[in-house]
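Take a look at the structures below.
Next come two complexes, and both contain chain A; in the first it sits with chain B, in the second with chain C.
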Partner chain A sequence: MSIAITELSGVTKAALSGRLDTASVDKLEISFIAGIVPKGQNTIVDLSQVSFIASLGIRMLLSGARALSRQNATMVLYGASDAIMDIIETTALSAIIPVVPGEADALAAVAA
Partner chain B sequence: MGEIEQTQIVTRARLVDLVGGDRLHSLELTAGSMVERRHVVTAMGVKIGRSEPSDVIIADSEISRSHCFVTLRGDELWVSDLNSTNGTFVDGVRVTGPTLLPVGSVLQVGKRTLKHEWRTRDEFEQSEEGDRDLLRAASYVRALLPAPRGDGPIRAEWVYQPSAKLGGDTFGYGQLNEHQFVAYLVDVAGHGAGAALHAVAITNQLRQRSLPNTDMARPELVLSTLNELFQMEDHDGLYFTIWYGVFDTRTRQLSYASGGHHPAYIVTPERDGAIPLKTRNVMIGAMPAMPFIQATVTVPSSACLYLFSDGVFEVVDSDGQEWGVEDFLKHMLDPPLPGLSEPQRLFEAVCRETGSRTFDDDFSLVAFHID
Partner chain C sequence: MAPAGFPSDAFGESFPVSLASVEAARLALADYLAGFAVSDRARNRIEVVLEEVVSNVVRHGQGADRIGLRAACADGVLRLLCEDNGPAFDPLAAAEPAPYASLAEAAIGGQGIPLINRLTQSACYERSGPINRLELTFALT
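Presenting the complex of A and B:
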């Protein structure tokens, strides 16, 4: 599991890859939260290279979204595979964090 | 004065000997910062693999059935790879022959790591005390589970098999009133005593059948109230998923709501399909003031309702394939086996398919036979 955080014209981009399981979330969560929340700006999260999300992975995304929301910033997820969309739909995570198909959609969503 | 100095030296030497001789080599399977399991390595050595007959069984699709062997030679640990598919690594270096595993080094197999620790018995016992606390927590959760129901128009059987690191599963059922029967299953995100304690707090609310200002016969209201009571920011970042249903024996109507949880399933006696029961609601505690919905289904005669946690199907089979719920449903539709309860039959099927009787997450499964 790895994370790459970059900047796209005033938007934070976090690209996750691998399995977001219990063990990897323990290692990754601090980097994820510390990489996006202090910036306090709209954030898009690339899930295209994520193969699995456990409940703690959902919690990590939720924590980030809620912390950004308190700073009037938005998080949008994109690039989820069918398997990841199944998990997102089972948990109804998309009712809290918008999920869109691609990066351009994500940038448009946070700009709206 | 000289005699005193000599005595002190001897005493120190004996202390060192005592400490040294009292130490145990252990391999500690970690999950992030948590130690999930400890395995003492004795002169017999330990085989690590994905399934029996390995001594240390780790459910990971990248671990071979017999992956590597760790032996104690003198006072050192050595590891040999057993022609595993993905290799064995010591501190990131692939093992190509018998390789020393120094104290403090990290053994990597598949996606999992085991650290070599050399602990005194006191240290080990302190660590074991933490494990015993988890066992006590699991025992407490188990004590709160309802007894199986062998009589009456609604019979219930279950299997609850907590994982080594203890998840946050719990469930309950019983009469809400003369005509209504309630059933629920809760799965707190995370592991350890914290998740288990949270599950206990939730189930204690539900067992009393008395959430504030809430009609317990209306699942959407129950989930809504739980969502306000258990917001994750007020509960150490913990949220949970739930399935909650109320069956009316007069109308055979089952009202239900799931919050972030996969479906429960109804299977008819013909066993020609499983009817999923799910509503699209968010996890409980994820966000305040969320709307919740419920749905209703008529339960056919002599049907079976299966309610379970994701630990039942989020497993890796002995071929290294990661399961989804569909893989589990195939087994659910198999015919019952004489002498085995439905939950036990399914537990045995999952054990057989995974080659393991221990899992990464709690295995909780309740089956209701409804006349």
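Presenting the complex of A and C:
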């Protein structure tokens, strides 16, 4: 599991890769939150290289989105595979955090 | 001797209660399932539920020192039995969390047990002496 934080014209991009399982989230949640929340900007999260997600991964995404929302910033997820989308929809996370197909869609969503 | 309904050649392994066992259990069950026709969607759901079950014992099963897994595939269904010797805990008795209504009000965490309930075909818990027994079934396609 790895995370890369970059900047796209005032939008934070967090690209996650690997498995968002118990062991990985325990190690990387702090880096994810510290990488996006202090900036206080709209944030897009690239899930295209995430191969697995369980409840702690859902919690990590929700924590980040909620912390950003308190700063009036929005998080949008994109690039989820069918397997990842199945779990996101099963937990109903997609009811409160937008999930869109690609990066252009995500940038448009945070700009809306 | 295998529990009722589990043939003698069914999958069966025991793991220490440690975080490393979450991945070890996943790999062991994946190796067993490789011999069967399992859809990608079903395989992912099985892995997610296994992750939740084993990690629950690792993180919350104080005093438990072994996690036992048995699995058998028949008629398009995986039957998975998870046992641990931790304190009695029925994960299926936990109340379903409230549906997410807004980001501001959403509970952080608490999705592990709902995932077990929602991603399985059936789930049954019993306390058998000093053992928690959680039996789960999944459609393989």
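The rule is short, and it goes like this: the second predicted complex is superposed on the first by the 112 of 112 C-alpha atoms of A that agree within 3 Å, B and C clash if a C-alpha of one lies under 4 Å from a C-alpha of the other, contacts with A are read in each partner's own complex, and residues count from 1 in each chain.
Methods note: a contact is a pair of C-beta atoms (placed from the backbone, for glycine too) under 8 Å apart; a residue touches a chain by one contact, two chains touch by 3 or more.
Given the structure is predicted, the values throughout are model-derived calculations rather than measurements.
*Asks:* Could you look at A:Ile33 and tell me whether it touches chain B, chain C, both or neither (first, second, both, neither)?
*Replies:* A:Ile33: touches no partner chain.
*Asks:* With the two complexes superposed on chain A, say which partner A:Asp82 touches: chain B (first), chain C (second), both, or neither.
*Replies:* second
*Asks:* Tell me which partner A:Ile5 touches in the superposition: chain B (first), chain C (second), both or neither.
*Replies:* A:Ile5 sits against neither chain B nor chain C.
*Asks:* If you stack the two complexes on chain A, which partner ends up touching A:Arg66: first (chain B), second (chain C), both, or neither?
*Replies:* both
*Asks:* Could you say whether A:Val25 touches chain B, chain C, both of them, or neither, answering first, second, both or neither?
*Replies:* Touch status of A:Val25: first partner only.
*Asks:* Between chain B (first) and chain C (second), which does A:Ser55 come into contact with in this model arrangement: first, second, both, or neither?
*Replies:* Both partners, chain B and chain C.
*Asks:* Could you tell me if A:Ala92 is touching chain B, chain C, both of them or neither one (first, second, both, neither)?
*Replies:* both
*Asks:* Which chain A residues lie in the overlap of the chain B contact set and the chain C contact set?
*Replies:* After superposing on chain A, chain A residues 22-23, 26, 52, 54-56, 58-59, 62-63, 66, 83, 86, 90-93, 95-96 contact both chain B and chain C.
*Asks:* Residues of chain A touching chain C in their complex?
*Replies:* 21-23, 26, 52-56, 58-59, 62-63, 65-66, 69, 82-83, 86-87, 90-93, 95-97
*Asks:* State the interface residues of chain A toward chain B in the complex, per the touch definition above.
*Replies:* 19, 22-27, 52, 54-56, 58-59, 62-63, 66, 83, 86, 89-93, 95-96
*Asks:* For the complex, give me every residue of chain B touching chain A.
*Replies:* 30-34, 111-112, 187, 189-191, 232-233, 237-239, 241, 259-262, 278, 280-283, 286-287, 290, 310, 314, 322, 324, 360
*Asks:* Across the complex, what residues on chain C touch chain A?
*Replies:* 19-20, 22-23, 40-41, 44-45, 47-48, 51-52, 55, 58-59, 99-104, 106, 108-112, 114-115, 118-119
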